[in-house]
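Only one structure is covered here, and it is reproduced in the block below.
Chains here go by letter, A, B, C, D and E, matching the order in which they are written, and residues are numbered from 1 within each.
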Amino acid sequence: MATIELLEVEKRFGDFQAVKPLNLTINDGEFVVLLGPSGCGKTTTLRMISGLEAVSGGTILFDGRDVTWLNPSERNIAFVFQFFALYSHMTARQNISFPLEAELGADIDNDLGLGEVGRFLSQRVFQVFMVQWLRRRHRAVINQRVEEVAQLLRIQRLLDRRPGVLSGGDQQRVALARALVREPAAFLMDEPLGALDAEFRETMRAEIKRLHIDQHATTVYVTHDQIEAMAMGDRIVVMSDAEIQQVGTPAEVYHDPANLFVARFIGSPGMSLINGQYNGQGMIRINEGNTYRIPDDWKASIERGLTGDDGEIIIGFRPEAAHVNGDGDLSARVYADDLHGGYSMLHLDLGEDTIVHARAGREMQHEIDEALRFTIDPASVRFFDPRTEAAIRKAT
Amino acid sequence: MATIELLEVEKRFGDFQAVKPLNLTINDGEFVVLLGPSGCGKTTTLRMISGLEAVSGGTILFDGRDVTWLNPSERNIAFVFQFFALYSHMTARQNISFPLEAELGADIDNDLGLGEVGRFLSQRVFQVFMVQWLRRRHRAVINQRVEEVAQLLRIQRLLDRRPGVLSGGDQQRVALARALVREPAAFLMDEPLGALDAEFRETMRAEIKRLHIDQHATTVYVTHDQIEAMAMGDRIVVMSDAEIQQVGTPAEVYHDPANLFVARFIGSPGMSLINGQYNGQGMIRINEGNTYRIPDDWKASIERGLTGDDGEIIIGFRPEAAHVNGDGDLSARVYADDLHGGYSMLHLDLGEDTIVHARAGREMQHEIDEALRFTIDPASVRFFDPRTEAAIRKAT
Amino acid sequence: AQPVADAQDGVTELTIWWAEWDPANYLQQVGNNYEEETGISVTVVQEPWGSYFDRVAAEWAARGDSYDMVVGDSQWLGQGVEEGHYLDLTEFMTSEGLAETVTPATLQYYGEYPAGTGQYYAYPTEGDANGWAYRKDLFENPDEMAAFEEAYGYALAVPETWEQLRDIAEFFTRPDDGLYGVGVYTQIDYDAITMGFENVLFSYGVDWADENNNVFDVVNSEAAVAALELYKELYSFAPPGTDNAFFAEMNDIFINGQAAMIMNYFAFFPALDNPEINPYRDVTGYFAMPAGPDGDRFAALGGQGISVNAYISEERQQAALDFIRWFGQEEVQAEWAALGGYTCNINVLGSEEFLNQTPYNAAFAETMTFVKDFWNIPQFGQLLEPTQRYLHSYVVGGEGTAQEALDGMAFEHDEILIEAGLVEE
Amino acid sequence: MAQVSKAPRSPVLHSTRVDKVGFGPRLALRLRASLVIILTIIMLIPVVWMGMTAFKSRPDAVAAPAKVIFEPTLEGFVSLLTTRRQLLPDEAEEYRQRDDLNFADEIALKRGQAIIGPSQFPKQLLNSLIIAGVSTIFSVGFGVLAAYAFSRFKIPGEDDMLFFILSTRMLPPVVVTVPVFLMYRELGLYDTHFGLILLYTAFNLSFSVWLMKGFMDEIPSEYEEAALVDGYTRLQAFRKIVLPQAVTGIAATTVFSFIFAWNEYAFALMLTGDTARTAPPSIPSRIGTGGVEWAAIAAGSLVFLIPVIIVTFALRRHLLRGVTFGAIRKG
Amino acid sequence: MSQTTMQGPTRRHLSDRRVIQLFIVPTMLLLILMNIFPLIYSLYLSFTEYSIISTTAPEWVGLQNYRDILSDERFWENFAITGRYALYSVSLQMIVGFGMAMLLKEKFRGSGLLTTLILVPMMVSPVVVGVFWRNIFNPSIGILNPLLGYQNLETSPEWLVEYPLYSIVIVDVWMWSPFVMLLALAGLSAIPDYLYEAAAIDRASSWFQFWRITLPQVMPLLIIAVLFRTIEAFKQFDLVMGLTGGRPGTETVSVRLYREALQGQFETGSSSALAYIVLVIIIAISNLYIRALNRVREA
C-alpha cells in the first residue's frame, strides 16, 4: 500500500559510516529482501525506513511524501525486530494485541469525525469514558484477531506466558505475531525467522508470502539466508560494506551478479572465478595449458569493457554451467567430490590455488586427483574486470 | 575431555514440564547435536548440563563424577548462549578476554595449592596484588589469544566496540569467540551460528569442527538447522515435546527414524508417509487401486510388530527411494513439480490427501495431473505403527 | 495571622509574637481577659525558641506587619531601634508614669536604648535572670554537713561566694554514686555559656568593656581570668554529658538527681516545683547568685520587654499602646504574676503575696535588684559569636589557658568594636 | 575441596541456578538473612529508643543511667496534642476536686497543668500531608517527564541544563531562605500551601530529574521503539511502556522526594506562619515547662514517622521489584 | 462505526521536538523562576556590605568579602572540616549502604519488610535526629554507652566532646546509608541475570564478578548517590547544630554560614560571598562526579 523511496539515504555513527548514501525504490506491494553479510547495514537501513534511526543524510519518501522526519508511529508500518523487543511486562497475548489497541484510539478519533481541536480534546477528555467504552466493544474483535494470528503462528498455548519464560523460537513467533496482527502500509522484517526450525520456517515463509499477497503490503525483509531470499523476494538487494552491491530479481542476482562480491556471495557455493589474461584475440590464457575461448557474442563487450591494459580478466560461472566433458576446453584435477543427494559437486583444481565447482550427475564417480576436462556453458559464463571488480556487461 | 551422562534428568517450571526425564550419554570427545522444534527443551537441557538451571530430578555425571549440584564455574565448560549474553559494559575485546582473566584467578589459587579457606582468602587478599601482577604478566598471552580468536571469527576491527553498537551477527561472533577462547572440558553451544550469513556460517561450521577435533572437547550443540545437524553431529539427539525422540548418527536418524515425528521432522521434505492396511498376506492396501507389496524380509517383522488388530500401518520412504517407473507398484498423479538445481522434486497425489515426494531426474518432465507409477526401493522403505507412532524394527 | 488594618471600624484584634514556652501561654490568658474587657482579641503567636529570632529578623527584613507587638530579647533592642523596627515608646512610657512602675534595672535593660539616654522602646514584660536551685536534702544532711565542715573548715550552707559554691560543688562530686556538684551552662549555640559565665564575671567585678568600649585589660584582666578559671572548675564538677547544656539540661540533671546545684533562669524553675516532674521537689531550695571576691553580686539577665512594630498603621500602633497601658496596670501585673509570669512591677514584686507564692519568688525578687545584661548594641551578635566560641573551647574543649582564651576574645571584640566605630583605634 | 554439595531437600520448582539452590548457597542466604536482621536491629535501636521515650514521663526520660524499663505514660502524646497552662498550686487543688476531667486532663493535671485547647500539631500534620504529598506528585511528575526527555533525546545544551538543574540544590538553604522569603512576601506566597508546594517541588526536582534519568537510562529504548512502530505516539509509548518499566525508579524517587519534603525544616520555618506551617519546625522545640519535652518530641516524631512509613510500605513492592528484561537482549 | 478498520494514522502527532519541550519546559521554567531571583540577589549581595535587618542600603564593596573570607584562617579550617566530614561520611555511607544492598540483593522471606525497616532512619526528621542522637550519645542519660557495655560513667566516652566529628559522621551514616542502599538495590536488581550466568560459565569467582560486573553495572546509580550525598554533606547543618551545636572541630562551612547569616550577626553580604564560594566548590566536586558518571555511562 505504499511506495518507499530512499534517496541518498545514509547513516553515520560518529565517524563510522554504517550505511553509505544509497538509493532504492521499493514499489507498492513489492517484496524486497535485503541480503548481505553481518554488519553490512541491513538493520540500520531498515531502522531508517521505520524512522527509529534518524538519517544522517538523504530523504525517505512514502508514496512520494517526505517522511524523513516523521515519527515512526506516523508511518504506519509494522516492524519485526531482529531481537524481538517484546514487552517483558506483558503476556504474549498483550504483546500481540498491543498494536491493535494503539490503532483503536486513532480510529475512534476518526469515527467521531472530530477536527484538530476536537481531537485534541477528545484524546484527553473523552478518552477516559468514550474510548474505554468503545475499547470494550472492540475488545472482542481484537481478541479474535489475536487468536487468529496466534493460530497461524501456533502459539495459542503460550498466549498467557510472559516473554521471559518463552524459548527463543517462541519469542520470535510472538514478535512476528505482533507485526502480523496489523494491516500496515508496509512490513519491515529483520530476520524474522532466524530462530525457527526448518519445518516451521518453511511454513512461515509461505504464510508471510501469502499475507503479503493478500494484503498487498509493501514488505522489506532482511535475511542472511540466501535460500530464503531467493524463495521470497520479488527483488533482492545485496548489500555489503554499507553499500548496495546489486538490486535485482533473484534470477538476475544469481545469474548476472553485478560484481565479484555478489558473484561470490550468492549461491552455495558461490560463482567459480578464474583469473586469466585476455590476449586480444578472443582467447583468455588462464595458466600453463589452459586457455579459454570467449564466446563470440562476448568479444566486443569484453574488449570495450576491460579497463586495464594488461588484459587481466576474471571468468565466472555457476556449477551448473560447467559440464565435465572429455573434450572440454579446460583441464583440471579433482580436488574433492561431495555427494549431495541427487547430484555430486565436484571441486576442481585448476592449479595456482584456483578451485572451481562443477555439478556432475550422481552416476559418474570421480577419483580424487583424477585429471579431467570440462566446458563452460557459453550462455551462462560471465566476465569481470579485476580492477573495478564489476561485471562486464554484454552488449546487446 | 569429559564424558557427560544425564540420568533421568528432568526439569519442571512450576507445573510445566519443560524436559521430561531423559537419559543420555555423551562420550568423551563426541560431538552431539540437539535438534528439535522450538520450545522442545533444547536450551533447557543445555542449561541443566551447564548448571545454570538446577535439575528438578535426576543426576548429571561428568566423567562419572556427580556434578548435579556443582556450580557452573566448577564444571569447566564453555557456553555459547542462544542470546549471546555479552557483557554490555565491556568492549568486545574485554568480553573475549574475560574468561581468560577469570580463569587466571582460579588457576593461581590452584597453583598455590590453597584449600577452600585459603582460596577464599586468597581471592580477596591476594587478588589485589598478586593476581594483578600476574595478570599483567599474562596480559600479553591473553592479548595474543584474543587476537587469534578474533581473527578466526573475523572481528578484529570490532574488538574495541561495545556489544550495544554491534550488529546481530557480530554480537554472535563475539559470543562465539568468548567461548572458543578457552579450552574447556566441554563446549555447550546454543544455536551459535543462527545469526550468521550462509558463507560465514559454513566457514564457522568447519572451524568449530576443526577445533572440536583439535581439542578433543566434548561438544553439545543445539540447532534447529537439520543440515547443520547432519553435517556436524557425530550423533544427533532429536527432541520434541520435552522428550528425546531418537538418538543416533545422522544416517540412522535420516534413514531409520525411530518414530513418525522423527520421520516427518528430519529431511526436507520429510519422509513420505502413506496410511495403509496390512492384509496379513504381505500386501498393504492403500486405497482403491493401490496395493503395496511388502519386501519379503520385512514380513515377519511387521507381523510381529503391529499392535492393532485392524492391520493399520504406515509406509514411509524418502524421496530418493521412490523411482518413477512405468511398471511400478503404485499409481499416483503429479500434484506439483519443483525444479531443484540438478534434479526435480515430484509431489505425487495418491488420493485421500496423501501427498508423497519423489525425486526424479532433471531430464524427465512431468505434467501436472499426469498419472504415473512408481516403485519404492525395498532397501529404503520403512514401516510405522500408527497407534504407537513408533517405527517397526526389522528383525535381523 | 495577617492582621487586617481597618481604619474605619477600629482595630479588633492584636497579634503578639513570642517564643513558644509557658509564659507565652500565660500572656495569652491575660490577653483573653483583655478581650473580655475591650472586645479586642489578642493572639499570642508562639514561635519555637530555636527559630524565634530568625523569624522576627526575617519579618524585620521585610518590614513586615505580621505582628503588632513582639516580646523580644533585651539584646535585640539595638538592632530594633537603630534600624527603626521598633516604635519609640519614650513618650508613652514617661508621660503616664508607666516607666516608674517597673524596677529600674529592668527598665534599663529591657526598655532603654542606647544605655543611659532615657529613650525607651519596650515595656519590661517578663523579668528573668539566673538563679540557683539546690538539693536541700544534701545540704541539710547532718552527715554531709559534718563531713563538709571537716574538709573545708566552714559550715555547709547556701553559698555566699563563688568560692564557697566551688567548694560545695567539689564536695558533692561523687561519680561513683552518680552525684555531681553542680550544673552550669555550656551550650555553644547562641548565648548560653556566655550567660552562665557572665554571672561569675560580673561578680568578679569585670564588665564586657569599659566606658570607652575598651576591652583590653577588661575582659582579659586578671579578675576575668580568675572568673573563667572558676567557671571551668565548676564545669569539671558537672555531670558528664553537660558539655552542651542550657536550661533544659540543667533541669534534667537536677530532676534525675545527678546535680546538687544547678544554675538556671527563674523562668524554668516552675518545672522544679512540680512533683510529677521533679522527684526532689520537696527538698529543692533556691538561692540568688553568690558574690564575687570583692562582694560584687550580679546575675545575668534574661527576660524580655514588649515592643511595638514600627511598620504597622498608626491606628494599630495606638491600639497596641492601649494594650500595653492596660497590661502595665498593677492589678493586671499582679494577675500576670499569679499566673506564673515574672512581673517587673515594683509593687507586685515587693508584695508579700508574691514573695510567698512560690519557693523561688523570694530569690527572684532579690535577684532582680542586681541583674546586669551584656551588650545591647546592634553588634551584640557579632560580639557574642567569638565569646561563645572562646568560652566553649576553653571550658568544655579544654583548649589553652583562660588567659589565652580571654586574650583571643578581647582581640576579636576589639576588632568588632573598631569596625562598628564604637572605639577609636 | 567441597565436592558435591548436598542437594536441597525439596525438588526445585523454580528456574534457578545450581549455585543458588544448593545447600551451601542456601546456607549462605540464611547467613545473609541473619546478618541483615542484625543490621536492621542495630539500625532501629535509635528509633526504638525514640519510641520508648515517647511513653516516658519526664523524670524517666532524663534518668541517669538510661531507663529501659519504665512505667509507660501518655504524657508525651498529651503534651504533643494539647496546649496547656501551668496551674497555680491552689488552682491545681481545685482542679483535682473536679470530676469532669477526661484522661488527658488527668495526665496534664499530674504535672499541674490544665489543658486549654488542642495544639497546632494535628493541623500542622495535615499541612505537612498536603504540602509534602502534592509537591511530591509534582516533583516526581515533572521529574519523570524531564528525565525521559533528557535520557532519550539529544538535546542541545543538555549537559548544561542538567547541571543547572543539579546546581539548584547546591546553594545552602541559609542563603536562599532570605531572598526567597522576600520574594514570597512580594508575591503573596508567604504562609500559603501553594508557596511551600512550589518551593518543595522546585527543591526536589533536581533530585528527581537526576535520579529518574539514572533509571531511565537503564531501560532499553527498544521497548519504546517497538511501541512506536506499533503505531503508538511518543506520549502513548511513554505512558504505556516507559512508565511501567520505570516503576522502581518512580517509587524510589517518590519515597525520597516525599521524605525530603516531609522533613524539610528551614524553609518551612521561614516561609510559613500559622496557616501553612508544617510539623517539622515545631517538633524539635517542644520546650514546655523548663526543659525539653523529650516524650513530646519523641511522640511527635513517632506520629510524624507513620505517614512516611506507610508511603514507603505501600511502595515497597515496586521499590524492590527490580527490572525484568524479558525479551530484550542488549549485547 | 467502523470495525477495526486499519487506516492510516491520522492522529495529531506531537513531534519529538514538541514532546521535548512539553517535558522539559515545566521543569526548567519552575527551576529558573524559583532560583533566578535568589541566585542573582544573593550573588549581588555577596559583593556588598549589607545586613538584611538593617535599613541601610547595601554598600558595594567589590571583592572585599571574598578577599576577607579567603584570607581568614578560620574559614579554611571550616572547609577542611567540611571536607573531612564529607569524605568520611559519604564514603562510609557508600560502603555501608552498598554492603547492605549486596546482602539484600538476593531475596529471602521477609527481605521486603526488612528493607523497609532499614529505610526508617532516613525518614526521621533530621532536626529530631540531631536532638535524639544527642540524647543517645549523652554519657549520663544516653543509651549508647550502656549498649556498648560501659558501666562506669567516668570511663565511658563522651562522644560529642571527645569525637565530635566522628559522632556526626556516625549519625549521618546511620541516617543516610539507607538512601544509598535503596539506590544501590535498585541498581543491583536491574542487572540482568544473564550477565552472571555468563560469568559463572566463564568461571569468574564471585569476587571477580563483583569487580567486573556488579560494580560497573551499578556504578551510574552509585555515582548519583555519591553526588547527592556529597552535596548534602556540604550543606549539612541540622545534624551538626543538633548534635554539637557546631562546637570547634565540627564547625562546618554551613554552620559557619548559618552563624554569619543569621545567628545574631546577619552579615548578609559576607555570608552570601561564603555561600558562593561553597557553591563553586560543590560545583567543582560535582563536575568530577559527573565526568566519572559520563565515563561509565558511555557503555
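Following the convention adopted for this analysis, a residue touches a chain if its C-beta (ideal position, glycine included) is under 8 Å from a C-beta of that chain, and two chains touch if they have at least 3 such contacts.
Only a predicted model underlies this, so the values are computations on that prediction, with no experimental measurement involved.
Graph distance from subunit B to subunit C, where chains that touch are one step apart, equals 2. When C-beta pairs in contact are tallied for each pair of chains, D-E comes out on top. A separation of 56 Å divides the Cα centre of subunit B from that of subunit E.
Annotation: 92 Å between the Cα-based centres of subunit A and subunit C.
Subunit C and subunit E have Cα centroids lying 39 Å from one another. Of all residues in subunit A, those touching 2 or more other chains are 71, 73, 76, 83, 103, 105-106, 165-166, 182, 184, listed in ascending order. Residue positions of subunit C touching 2 or more other chains: 54, 61, 178, 239, 252-253, 256, 258.
Residue positions 15, 17, 19-20, 62-65, 178, 182, 231, 233-234, 284, 292, 325, 329 of subunit D are each in touch with at least two other chains.
Contacts from subunit D toward subunit E in the complex involve residues 17, 19-20, 29-30, 32-33, 35-37, 39-40, 43-47, 49-50, 53, 62-66, 68, 142-143, 145-146, 148-150, 153, 155, 161, 163-176, 178-180, 182-183, 198-199, 201-202, 205-207, 209-211, 214-215, 217-218, 231, 233-235, 248-249, 252, 255-256, 259, 262-263, 265-266, 280, 283-284, 292, 294, 297-298, 300-301, 304-305, 308-309, 312-313, 316-317, 319-323, 325, 329.
On the side of subunit D, the complex with subunit C involves touching residues 57-59, 62-65, 83-86, 88, 110-112, 116, 177-178, 181-182, 185, 191, 269-270, 273-275, 281-282, 284-285, 287-292. Those residues of subunit E whose C-beta lies close enough to touch subunit B in the complex are 194-195, 197-208, 212-213, 216-217, 296, 298-299. Subunit A contributes residues 50-52, 71-73, 75-79, 81, 83-89, 98-99, 102-103, 105-106, 162-166, 171, 174-175, 178, 182, 184, 188 to its touches with subunit D in the complex. Of all residues in subunit D, those touching subunit B in their complex are 1-7, 11-23, 329-331.
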